[in-house]
Each structure stands twice: as C-alpha cells, then as structure tokens.
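In the two assemblies presented below, chain A is common to both, partnered first by chain B and then by chain C.
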Partner chain A sequence: MSDASYKFEKSGRTLMEQLFEPPAVGKMSLVAKIVAYTFLAIWSVFVLFPIYWVIITSFKDAAAVNQGPFYIPFVDFQPNLDAWRAQFNTDLHCDLSSILRQLYLLVHNSFVFVVSPVISLTPMEPQICKIYLAFTNSVVISIASTILCVTVGSMAAYALARIQYKPKFGNILVFVALIVAVIFATTYAGIPWWASSAVALALFFFLVRSIGRYFRMALGNGDILFWIISQRILPPIVVVIPVYVMFQAVGLLDTHLALIVLYAVANLPIVVWLMHDFFASLPIELEESAQLDGATRLGIFWEIVLPLTRPGLAATTLLILVLNWNEYLFAVFIATVKVQTMPIMVAAKNAGEKGVFWWEMCAVIVVMIIPVILMAILLTKFISRGVLQGAMKG
Partner chain B sequence: MAGSPLRESWGEWIDRHSGTFFIAPAVTLILIFAIFPTFYSLVFAMSRVRFTGDGLKFRFVGFRNFAKQFFGNDQVHFLGRTEPVSILGMLVFAVIVVSVLVWLYRSRKITTWVGMLGRTVSAAMAIFLAWVLGASLLSGNSIGTIYTTLFYVIVGCGIQFVIGTGLAFLCSQPISGKNFFRVIFFIPLMVTPLGVGYAMKMVADVTKGPFEPLLSVIGLENWVWSVDPWSARFVMMVGDSWQWIPFIFICMLAALENVPRDHVEAAQVDGASSIQIFREITWPQIVPVAVTVLLIRAVEAFKIVDLPNIMTGGGPGSSTESMTLHSLYVWRANDIGTSAAIAYLLLILTVILCASFFNYVVIGQLRRAKE
Partner chain C sequence: MAGGGAASVKFDQVQKSFGDVKVLEEFDLLVESGEFLVLLGASGSGKTTALRILCGLETPSGGQVFIGDRNVTDILPKYRDISMVFQSYALYPHKTVAENIGFPLKVRKVEKSAIDSAILDAAKQVQLDTLLERYPRELSGGQKQRVALARAIIRRPSVFLMDEPLSNLDAKLRGHMRAELKHMQEALGITTIYVTHDQIEAMTLAHRVAVLEKGVLQQLATPAEIYNNPANLFVAQFIGSPPMNVVHGSLEGEHFQTNGAKVETAVSGRVIDGILGVRPEDCSIAPPAEGTLDGKIYTTELIGDHTLVTVDRGTDQIAVKASKDFNGRQGDNIGVVLPRDHLFVFDAITGYRIR
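Coming up: the complex of A and B.
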C-alpha cells in the first residue's frame, strides 16, 4: 500500500463520509470516536468524583464542610490538616513506635494463647491509639488470612485438578447425621461441645471403617469442586451467629485468630475456583516426568507447579487481600473491642454525640482506601495481561 | 513393593497419603466454619435463645420464628403489607401462576424425576414470590425486606449489566488510552464497601453535598431523597452500581476481546452496520460469559448490607433494609432466634433463585457455547 493511494482515498471522501464512515477496517469514524470518548470521560468523572470528594473533605475544617459545598482547594476553601492531626496526634501513644508495640502485643498474645492450656499468663491490653491499632489489626489480619486462604485453597485446587477422589455418598450422609447429633446433644442435652464432637469424630471413623465399604454410590472431583465453590452462595449472616457462639465457647471471641480463620474460609471458594483453572491448564507431562524422577507430590507442587502458576497466584493473592481488607460483616460480630479493623473504626466514627465529624472520618477513609487503590492498579496489570481470563470464561 | 511398611519413612508415608493431606485442610475448614454453622443455625432459628450467666439457653419453639415472618406480627416488615389486593395484583399473580404451571407441565417430558423435583421447588418459589409481588407492590402497598432485597438484586444487576457491558463495548473498540480507562474503571470495585457508603452519603447529601447548587437550579432545594422509600432505594442502587459496574466491565471486556477480530472485520468489509455486527457476531459469543457473570453478581448482590446500613440505616422506616440488614438489626435487639430464622430464609431464597438461574439459563448457554 503506497502513501499516494491512502491520500487519494482520504481526499475523495465527502464531509458526511468523513464523519460517519470509518476510514479503514479496524478504525472508528469521527463521530463514533467522539461519542465513545464522551461516554468514557463521563464515566471516569463519575468514578473518580466520590473519591476526590472524600480526599478534599479530609482537608476541610468544620466550617468548610458545614457551610455548603466547596469544590476546589485553595480556590473555594483553605485546606488544612486539622482532621489528620486529630487522628495522629490527639490520642495517647500516637507515634510510629506504637505500630511496633502493637506487633509485639500480637506476638505476645498469640504466645499466651498457645500456652494457655498449660501456663496462664495475662494477655497484654492494646494501647489507645485508634488509627494505628486499627491499621495494624487490618494489615495483620488480612495478610495472615490471605496466606492461610491461598495456601489451603491452592493445595485443594491442585489436588482436585490432579488426584482422583471418590468420597462415598453414604459416608457423607453418616457425617451429616453425626453433625446433627452433636448439635442436638450440645444444645438440648447440655453435653459439653468438646465431648460430643470427640465422640462423634471417633464414631465417624469407626463407622467409615466398618460399614463404609458397603456403600456404592460415590462422588467425583467435579462434585467436590462444585460443592466448595457453591459455598460462596452461603450468605455470611447465616453462619455468623453460630460462629459467634462457637468462638465464645472456645474463648476466641475478639481475637485476631478468629477473624483470620473466618476470612480465610469465606474466600476459600474464590481461591479454589481461580486456582483450579490455572492448575488444570498446566501440561501434565512435566509433573509425570518429575514423578518418574522420584519427586514427592508436595515437592512437585512446591517446586514445579507453583512457580509455573506464579502470575495467577499473584493475582489471586491480591484479590483475596483486597477482599479481606474490605470485610465488614464478620468484623462487626466478632471484633468488638480489641481487634477493631479499619472498616469498624470508620463505622465507629459515625456514632459521635456532637454529630458526625465528616472531615475526620474522611481522613480515616483515605487511610483505609489508599492501600486498596494501589492494589487495584497492580491487579489491573495482571488482568490486562489476561491472567484471570480462563476463570472468567466460566 | 517399595519396601515393607516397617521400613517406610515418614516422608514416604506422607507422600502415599498426599491426596488426603492436600485436600483435608480446605475441607476441614469449610466443614467447621460453613457446614456446621449452617446446620447449627437451624437450631437457633427453631429456638428461643436467651443469654444467661452460664452461656446460652435454648428453648425449642418449632417453626414459630419462621411463621412469624409470614403470618405474625413481623409480616409487614418481612413480606410487606399484603392487603387490600388490587385487581392488577390478582391479574399478574394469575398470569404468573398459569405460565409457571404450564412450564412445569411441559417440562415433565424433558427431565428426570430429580429434575422434576427441582423444577417443582422453583415453581413453588416463583408462585410464592408472584403472590407477594401481586399483594404488596402491584396493589400499591409497601414492600418488605424480601422484595427490597430482590429489588436490589434484579434492578442492581440489570443496571450494572447494561452499563458495564456498554462501557466494555466502548473500551473494546480501537481507541487509544484503553489501559488508562481500564485502571480508572476498575478502582471502585476494590474500594471498601463501607467507604463507598460514606462517600456516597456525603456526595448525595442534599444540603452540604456537591450537587446542592444543581438541585436548587432545577427547583428541588427542599427535596430529600432519604424520606421517600423509592428514591432512597434508587440512591442505594447508584452507590451499589458505582461499586459493582467495574466487575461486569472487566469480565465483559475480557469476553469481548476474546471475540475473534477477523469475524468482525470480515463483516465490516461486507458492509454490515455496527448494530448488526454486535447482534449477529459479538453477542452470541459473549452470552455464556454474560450469564455466568450475572450469576456471580447476583450471588453477591443477595448479601448486600453495608450500603443501606450506612446510607440510610435501613430507613425511612424499614424500606431500604435488605434481609441481611434486617437480620442484623434483629440480632442487635437480642432476638437471636428470629435473626437466625431471617438469615435462613435468605439462604433458602438465594439458593433456590441462584440454582434455578444456573440450571435453566447458565448451563444451557455454556453447553451451547461448547458445541
């Protein structure tokens, strides 16, 4: 294609054609372009405006918020740091070392919890600097639960993609019946929960060994996968009330461990679903040859399979991290005082006697959403490279 | 044959049972924190629960907590006001019942008895929902939390799907700056829902919010959206859409970019208009992804709680309360049994509706895509 013919075509077009006809296959006409960019620009403004509003509100003072809308800093109103100072200065113990103290407290309290059946130590009380406390709690809980969730979930996903399971339908029925028996024994007959569950567990193994061999109907890997993924349908409000009682029974209410485990379970279906796709798309020959060389399953998983799925693993981890960071409903029930996470702290700001200090709340919201926005930008990188595409195909 | 069990080392023993070790943690966690509580919740829902000094006291009350939602003093809160019934409500109810029964009758030939059982459950749910719809909304009565939740799910998914797919379609066109828009449009999905709630509350504030001058220009300076049930619900949907359109957008964009370009370009050469191309080539290829994405979105939409909790606190009255929020408020009032019953009703509603959508729509589309 020479330059000349292109020019000729362009000059030969009438005005209407220039406006409405695309200049070439795979290009857009001028009008279509203008319409597309207008819509995209409008949507960008719609998306960014609430975030912008939160950020500028955090730099307003009471007057600038209450006297009506002011839009542009330095033009409409004079920005100041009052709201930020209120978060970081007014409370006691509010310096950066309180983060370290909070982390030490976590280690100390976990140690206390682990040895508590043997030695009784007093757990440390958190010091009062709400924003550092909440931030550290959020970071620790979301990272720990992401690690737990991704590890457990990708192991299960790998196993479901590679190993054949045949759980007997009858065994599952036995298990469900035992769960129901345990529940009735503890709630209505007053038997302690640990005794009844221990008996039920022993009974289950005994029954599976003895009558389990007579059951015929078995489920396959697809059924297990569907079962795990379908857990996502379960509304959290259904489980949170019994879970509250369960944690109360073992004395884990208002602890990091409780939230870590709960968040991990809530997001397990997503991990299994996404990771199963990655594992299933790997060529099996690599693993087979490694197996011939005498590698163990765990070795294959750790040294061959996981490095191959690194982009998918990273994207999944980021997604789970964000979901954990944002979780609210479980935290409302479980985290009452000591393990307040960022969302709970923001919600607590709403309940002031002198009305809501919107500027202070906005400062906390900004602290809360900056990490997720950074993670979102990182995550789009993965998505635009097509990492999550396989799973999106359904 | 690789050595007798006696000489087997720990490592070998673990390797032989690796199948169990790989899947056991996940299954155990789900059993303890999802399956067990689901059964346990049923005990709560069928009891009157009291907090006492030495733990909880259960008193079995049967299905009274459930019956209260349908016939007793919580009926208006849960189902909505169901009388008087108008002619329109009766007509719509009759039409839906007849069509559902016809569908059930005609499907008896194409499915097994298990499928028939599932279809009967779906049909029963459809008839029940049609009755509530006819008696409350179409008769001009106030609706309860069950239809507020369904409103959030259906209207929310509808709006979000249309706008999200539209944006994805625009972004899949040959325009520059695609990656910029992709990043910008993705951000709201990741922002904490609670933060979204407060941000929307501030932006939608009618006296101090940014749109206050605009409202007074069009003569609505005394209008308060949070007083009227429907405007409050629609504002809730705006916030929800702000957060969730990115999800539809990202998924549909991936689907649209998977449509082979040469098909589209060949059609363009043949002189097909863009609407024709979209309807004949693009749409059939993205339908399987579309229904899957809608299913995932609907599953999440049933759980909506943060936005109404923050923006209106469920008000005015209880008209923006979703079922999760309803349950949460009842829990706060220390009525644990009723709270668990409402949560269980939400579970039943979600499972039946999502399973119906999955079985009758999604599976068919996925199967068609594979052919």
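Coming up: the complex of A and C.
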C-alpha cells in the first residue's frame, strides 16, 4: 500500500463550469446547447426554404417570377393556377376541383398500372396530359425495379451471409478465357453465337471437372461481395452509351422493361451491400433452431429472417425507391418518347430559347416530391428498432 | 407426430477438424435409449461440436452417427427427429409464445387444430399456459427457457439435445430449472444429451457423464464413479467443488514424497514427477506436527455448514473442509491429515492415474 492518493472530488460549480460543463451525464452544457440549436436552426432554413420556394413559385405567373423575388403569397404577389393548369389537359375546364380530380386520377391509375404487370404502356386517352404519362411511368418503373432489385439483392445478400462459397480462381480464369473465345469465334470466324456459346459451356464444365481440382487458390464470400460492390465503381455516364447500344440491339429502347431492368441492376450492389450487414448481424442460432424444427431454407428466409430484418429492408427499399424515382441520366438516354419519367419532365421545362419556365417546373417538382414524402412517412413506420429484442439471452 | 419413442444414439469414430485444428478425435459414444447423458468439458473441449454433429448443424470430417439404427451422418437436421434447446434459447422474437412453441409443427404442415392442442399440452407441461399470447421480450429469463423447452418437447422427438440451457439463468432459478428438467426427462423418457461445463449440473442430472477434453473422451461413467474413481488427473481436477487438491512430489514404492514430507499411499510404484490428489472433504485438520503434512493457514472461508481452510505449504496449497466453528488465524502453523485410502496418485506429465 502506498500513501499516495489522487482525489478529484469537489462540490459546487463555478460560473465557467455552469456554462461549459454539462450538469449531468447525458445532457449538454448551456453553451453547447446554444451552439447546437443555432446551427440546427440555420440548417433547417437551408433545407426547408427551397421546398417553400418551389411551392410558392408553382403558384406564380411569368411576371411574378421575372419581376421578383417575391416571398409571401397574397402580400408580395397574387397566386394563381396558371402553372398548374398548363400541366393538365388544357381542353378540360381547369379549376381547383378538376385539378384535384386529375391528381386523384394520377394516383388511382398508377396503382392500376402497378398491379398489372406492364411491359409497354397501353394507349393513353387522348386528352390525358403529359404529366400524367410521366407520373405513371415513374411510378411503374420505380416500383417495379425496386421490387425486382430488393428481392434479388436481399436473396443474394442472405446467401452471401450464410453460405460459404469458395470459387476457384483458376475456374474463373477458364470462364473468362472461354467468353473471350466465344466473342472471337462469333465476330471473326462467323460462327453463330448460340453454337459457340454451347461449345464453350460444354468445354467449361469439362475443364472444371478435369483440371479444376488442380487449382488451389480460391476466393471467398468477401471477394464476391467486393466484386458486387465494384459494379458501382464506374460512373453511370461512362457506361450509358454501351447500355444504350445494348438495349438498341435487343430492341428494348424506350420501353418500361429496359428502365426497370437497368435500374434494378444499377442498384443491386447497394441492396446486396446493405442487406448483407443486416443478415450477418442476425443471431445464427435462430436459423439453426428453425432448421432443426424442420423449416426449409426458403421457409427460414421468409418466416424468420425477413420479419427480423424488416427495418433494414424498409430502409433499403426506401433508399432504392428514391434513387429510382429521381434517376435522370439513364432515363434521358433510354426513354425517348413513350416512357419518359418525371425528372425528364422537370428538365423539359427548360425550353431552350424561351428560357426556363420556372413556375411550370416548380409545379412538376411539387407533383414529383409529394409521393417521396408519402413513401418516407409510410416506410419509417417499419424502420423501428427493437425487432430483435428478446431473441437471445437476458 | 411422435417418432418411435426414444432412440439410442451412437457416435462411431467421429472426427472433426476445422482446418488444422482437431476438435474431436475418434469420438466413440453409445447413449442408451431413454438415458440422460451429460457431455461435460471446459470450453473448447469439443462437447458442443459433438452435439452439433449429432443434430446435423456440422458435418463430421470422419466417422458415422447413428440415431436408433438409422445412419444419420449425411441427412439434413430436419429428418433426424431431434430437437434442441440452445444456450441462447433462440426464440423467434417476432412470434408469440404460442407461435414459438407451435413452430416445429407448423412448418411440418400439421393441422391447425392439432397444433393448437399440442401447444396447450406442451405449455402446460412447463407451466406456460397463461403466457401464450406474450412475446419473448415480455418474458423473464426463466420463462424464455421454458418456451424453448416447450418448443423442443412439442414434437416428442426421439432425441432431445440441450446446449448449456441453464447457463443464462441466475443461481437460484438454475437450481429450480435443473430439478424440473430432471423430472421432465424422467417423465417423458426421451433420450437426452446435455452439454455443460458446469460439473454440478452434470453430477445432479446425468445417468452417465462423458467428460471431454481437447476432443478426447476422458471418462464415461456414472456421476458417483466419476467422482469417486476418476480415470485421470484431468477428470479428478474437473469434478468437485472446491476442486481436488494436488500436491507435487514423487512416488517411491508406497510412499509419496513432497517438500520434505512422506505420505503413505495405497498404491505403489515409482513416479519421479508425480501428483498426489486428495479431495478437501477427505482431509482433516490436526494440531501442528501431528498431521501427515504441515503448513501455515493461508486463509479461511466460512461457507456455512463448514469452513474451508487453505493451508500453504510453499510449493502447494491444500484446501481442507473443517468444521464450521474452526477458528484458526491466518499465518498459524497447522497440520493436515491425509487418509491413506482416499489418496490418488497421478503421473504429472501424462496425467495417468497410478493404480
């Protein structure tokens, strides 16, 4: 025992401590509070003002925009429905109730579209306005591609989280070499692609079975995961021309199918990456127990794993939905006429020599952001904590 | 739904290695039908691996596993007719107690009405019938444990596996659940294999105990036999609380020599590097110079019905169970009497017992 002692105890608080030290663990000091809330207040203005500005601009006319800036409706300027009227069929009588009815029709018909699996759009009613077409396209494409992407992606992520794959490096090289051979045979030797691919496939299985066992070096799940995420390394602008040529070759330009598949593939790495973490964090005993209880692998995925990863699934779905909804670059190349989406509608309001139709653009933007807000509210109900509580000891 | 009642279990030369690490070496074990067998070992001894091989969550690197006369080495867990209670209980958190218990029948497409009555049956057996609508997060540790039990018994499997099922309960509840488990196993008559590192659970529950260490079966015998007649130094030290005293020295003929003292033993032989083992309750305290060995009191602990006296002899410490009114003080000289017939001698290097 040494006599040295270290005492830090004290009572009472000096003024500086009252200002700069939190009164209790888990609280903030006065100064920190002021700084934090000031920052948050400023940030809120940054975030909320554009939304306010978009909404009021959609009720302005050309004069109110060009002579502005006017900030407060009814005080600075007289709001009107010109911009909104222009979006909907001009043949119709355009008052507020008919606009609301149009909006209702948009939502209603979108759902009709979603439930019927569509590939190319059925003929539109002639008096239907362009925004209706774009909105429906956007809804159909983003929902369908999100479902496809999240379904395939989460199944892949689950497999990678639970099954150990050990693809041999040599076999992969053989596969790549055979693909190169097929390309050469088809382009330079004039062999039909189906013949060369069939030969290559047969050759692949033969080679894997015969020399495959001499390969030692193997890849693991981590490598596969990295390979999948690496699909996002190339910026979309780099791949958009090849993608365009590819869809042109198979005759799918300007179809819903093209955009649905394209969006699903483009976002697949994000889903796999995110969901893999959620699946990996599930206690494996739940699945083992279900296996002993007699459930099949698909049954376990459906009955045990999916309900328990619901928050993660909801968050991922929301993210992908928003990414798809806002996607512009691929759409502008692939969707030339029939399947134009909302972002293209927005961009189209920049009408060249006449300048930007800000008021109309803002009306389209309002239509575009309402569903996103609704989806976010709907899905955050699922993004709740505590689903796993009670699974394990304690 | 019940199979053909209880079944025997046989491990035949089962091996398992993960990479270069051998966790189970030529493991042979025959569990009789209806028997309660405890696999006892420290962590890393291979006991859980053996259990996981039996239920099919792990594939053996060699050897075969039989349930009854079926070779189950290569079949999926769900076809083995076994159920298991996990250490963490592994309850499905999004399902109610009733849904948890009924899950094994539901996935096997049993009729709804049959499931419901089976759930009630199993729940009554573990006194859970009032909590059926709750979720696992609303249950206490002991109740969760019961749900896991009910889920395991609802199918009336031919083999019942438990992986340290009581280790997450507090001491009092553990004792209570231990008694219930034993009662239930006896009543149902299902072959049970129970993995634990807790020797008290092993002693109290088992018909027979299999002691495992480093993937090798050390001894397979009744609890009394394991306690009274340990096969080697490991078993001797693993079983018993407080553990068996070890005194280092050498065996010359019928005398064990240690640190200047000579102890008469029942066995004879010649071991240069030997260990003398004696259980604390077999030793007794004597005045200084009157015991078999002498030492100083290191510390005394009043346990309740006895006092545990630790005697320091420089090279070794010997724990002795003395009467509860023992009043020696730390540092006092004291003697320890070692009865000749309760001494075990082991080879310190191999751990073999000298008989």
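In this section, the second predicted complex is superposed on the first by the 262 of 394 C-alpha atoms of A that agree within 3 Å, B and C clash if a C-alpha of one lies under 4 Å from a C-alpha of the other, contacts with A are read in each partner's own complex, and residues count from 1 in each chain.
Just so we're on the same page, a contact is a pair of C-beta atoms (placed from the backbone, for glycine too) under 8 Å apart; a residue touches a chain by one contact, two chains touch by 3 or more.
Keep in mind it's a predicted model, so treat the numbers as computed, not measured.
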| item | value |
| --- | --- |
| Partner chain(s) touched by A:K33 [first = chain B, second = chain C, both, neither] | first |
| First (chain B), second (chain C), both or neither touched by A:V238 | first |
| Touched partner set for A:I143, first chain B, second chain C, both or neither | neither |
| Chain C versus chain B, contacts on chain A by residue | B |
| Which superposed partner A:I365 touches (first chain B, second chain C, both, neither) | first |
| First (chain B), second (chain C), both or neither touched by A:E285 | second |
| Which superposed partner A:V54 touches (first chain B, second chain C, both, neither) | first |
| Touched partner set for A:L219, first chain B, second chain C, both or neither | neither |
| First (chain B), second (chain C), both or neither touched by A:W43 | first |
| Common interface residues of chain A - those touching chain B in one complex and chain C in the other | 296, 386, 388-389, 392-394 |
| Chain A - residues contacting chain C, complex | 283, 285-286, 288-296, 299, 303-304, 307-308, 386-394 |
| Complex interface listing, chain B residues touching chain A | 11, 14-15, 18-19, 21-23, 25-27, 29-30, 33-41, 43-44, 47, 55-56, 58, 60, 166-167, 170-171, 173-175, 179, 181-196, 198-200, 202-203, 207-213, 242, 250-251, 254-255, 258, 261, 265, 268-269, 274, 288-289, 292-293, 299, 302-303, 305-306, 310, 323-324, 327-328, 331, 336, 339-340, 343-344, 346-347, 350-351, 354, 362, 366 |
| Chain A residues within the chain B interface of the complex | 22, 25-28, 32-33, 36-37, 39-40, 43-44, 46-51, 53-54, 57, 65-69, 71, 152-153, 155-156, 158-160, 163, 165, 176, 179-180, 183-184, 187-188, 224, 228, 231-243, 245-246, 248-249, 261-262, 264-265, 268, 272, 296-298, 301, 322, 325-326, 328-329, 332, 342-343, 346-347, 350, 358, 361-362, 365, 368-369, 372-373, 375-377, 379-380, 383-384, 386, 388-389, 392-394 |
| Chain C residues touching chain A - in the complex, by the definition given at the top | 55-57, 76-78, 82-84, 86-94, 103-104, 107-108, 135-139, 141, 144, 151, 168 |
